[in-house]
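You will see chain A twice below: alongside chain B first, and alongside chain C after that.
On to the complex of A and B.
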């Protein structure tokens, strides 16, 4: 169980991206998105993640992490935004290493139907995030590579976005 | 803006991103009928003009094209909490201020199903997905038949996901904002 996490969320308006850039099939020429079709947000959260940190990391307790996620403005019903890489320009030496892909078990609210009654419950669902362990405070610039699929699983393009993050 | 190809109607997607940690300490004294009015830690985003704001009181100005006599604009509201896995926020109601708003249908909760792409936990390849049918896409929607300004309140419930096997209600908050649906000629 980690004691502090900084969640970073990139929200992409995929319809606007496709209207502006069309489908970009080249992973080597991923289109850089500008601020009029995406937004990035960050917030602190504490004490819910398992199995972070991974066994390969020595600081099993009290580690602090930054997690990166990406989503479509319309959520998964229309597009999936899959992060294929996150790189940080870590001149302030904030991270132990560059971000890597991690699997976490996230408590997720689900609504189930018991006979005729709707009942909310919490189950853990496995989620893929990109994560980096924090070793110090500072500001970092990061770049996220995103692959967009439609809800049929068909490729809608490769894109990149850049933003900055204040690490507490 | 999304275009519904089936009937030519316009769909505007509005997403509210909430940083619950910036006001969670004030939620314990709230109730569904007495929510906390929040004007920070709330970010409103919408198509087609992407708007970001730290202040929920800022209006979302949407220049939505409403072509044809019979066309309508459907505004869909969704929500997301930045404290994923710890807190969950849900829109529990949308109230239109009728005295200062254009004529709109009362917003209603909708659920449509879609086939979700779910990662296969036994296959770490990036493109390895299983197809999970009949997943609910839940959103609030209001229909606008004409251009105009809509002043509205979004009422939220916040649940804690870490306390037990069932979500426990932390409190309630409300966000006031407005939409400006303009004519394409303007």
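On to the complex of A and C.
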């Protein structure tokens, strides 16, 4: 069995969010986003668990962790999307634990482009992810809360999204 | 003055390496299918994402008061955890007069993360934003290759790959 991490990336088009919903400063009344403003994508990374704490759950699947991340469509240019919470439906508790925020110090590849080839270097970067330990295979419905900042760090609003992840 | 259409390419690096193998061929890499790429585009007031090779965008020609720029960015779906993806080249092979040749640009910017000792407080760290940019010259159809490199967390280049999507500027 290969140890793996199931990565979930939520991509949010903040310009669309702000056009449709405006700036929302109320954390208690976070606006639910629909598919016109966001998409969620998943992929595995195997054999690279070192930056993560040991999983306490003995998984029956190939993956030990689900990691949730969020980004604006333009990555770090213009807007930042910070996850403030991820929760899974009670019925999904048999598949994953309740997600918690983790700080990961990890080597991050950076490159310089030399004609059509890359010259890589490694820099340590800290990222925050929301992580859940996997207990079993199944469909996990989750809700993510996101705080949006502009590139100066000014608050642009609080929003939510819902999606489903297949753990297999 | 310009209008910017952002295109994000989410890359499932592990599946690409598993499916197409490793290589050191930046100028003649293997062709990828769409199954391991997520193309996301902002088009007017909607976010479109699919595995279609065609991206439809509303564009203004350069000689109008608002020209449209297209910016392509690529990242691994894991955002650099384990693997990272970098766009290395664009070759237009149909519709060369519809958009300008995309050029590589690098922006030094910053990201924000919660402070571990005080999560209510944000701290910033510097990051590098790579993107490729082109200007729309007229309405039409463009077919192109984009090339990308996949680098792992040790700094080893695991391979170069290419894909052949299209853009329809309306």
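The rule we apply is simple: the second predicted complex is superposed on the first by the 138 of 168 C-alpha atoms of A that agree within 3 Å, B and C clash if a C-alpha of one lies under 4 Å from a C-alpha of the other, contacts with A are read in each partner's own complex, and residues count from 1 in each chain.
As a convention for this text, contacts are C-beta pairs under 8 Å (C-beta built on N, C-alpha and C of every residue); 3 or more make two chains touch, one makes a residue touch a chain.
Keep in mind that this is a model prediction, so the values were computed, not measured.
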item: Clash or fit (per the criteria above) of chain B with chain C on chain A; value: clash
item: Partner chain(s) touched by A:97 [first = chain B, second = chain C, both, neither]; value: neither
item: First, second, both or neither for A:71, with chain B first and chain C second; value: both
item: Contacts of A:168 with chain B and chain C, given as first, second, both or neither; value: neither
item: Partner chain in contact with A:139 - chain B first, chain C second, else both or neither; value: neither
item: Touched partner set for A:108, first chain B, second chain C, both or neither; value: both
item: Touched partner set for A:20, first chain B, second chain C, both or neither; value: second
item: Shared chain A surface residues [contacts with chain B and with chain C]; value: 7, 9, 11, 13, 15-16, 35-39, 41-46, 48, 69, 71, 73-77, 80, 82, 103-104, 106-109, 111, 120-122, 126, 128, 149, 151, 153
item: Residues of chain A that touch chain C when the two form their complex; value: 5, 7, 9, 11, 13, 15-16, 19-20, 35-39, 41-46, 48, 51, 67, 69, 71, 73-77, 80, 82, 101, 103-104, 106-111, 113, 115-118, 120-122, 125-128, 149, 151, 153
item: Parts of chain C lying in touch with chain A, wherever the complex brings them together; value: 6, 8, 10, 12-15, 26-27, 36, 38, 40, 42, 45-47, 49, 71, 73, 75-84, 86, 88-89, 104, 107, 109-114, 116, 119, 122, 124-125, 127-131, 147, 149, 151-157, 160
item: In the complex with chain A, residue positions of chain B that touch it; value: 1-2, 13, 15, 17, 19-22, 43, 45, 47-50, 52, 78, 80, 82-88, 112, 114-117, 119, 121, 126, 129, 131, 135-137, 159, 161-162, 164-167
item: Interfacial residue positions of chain A with respect to chain B in the complex; value: 7, 9, 11, 13, 15-16, 35-39, 41-49, 69, 71, 73-78, 80, 82, 84, 103-104, 106-109, 111, 119-122, 126, 128, 147, 149, 151-153
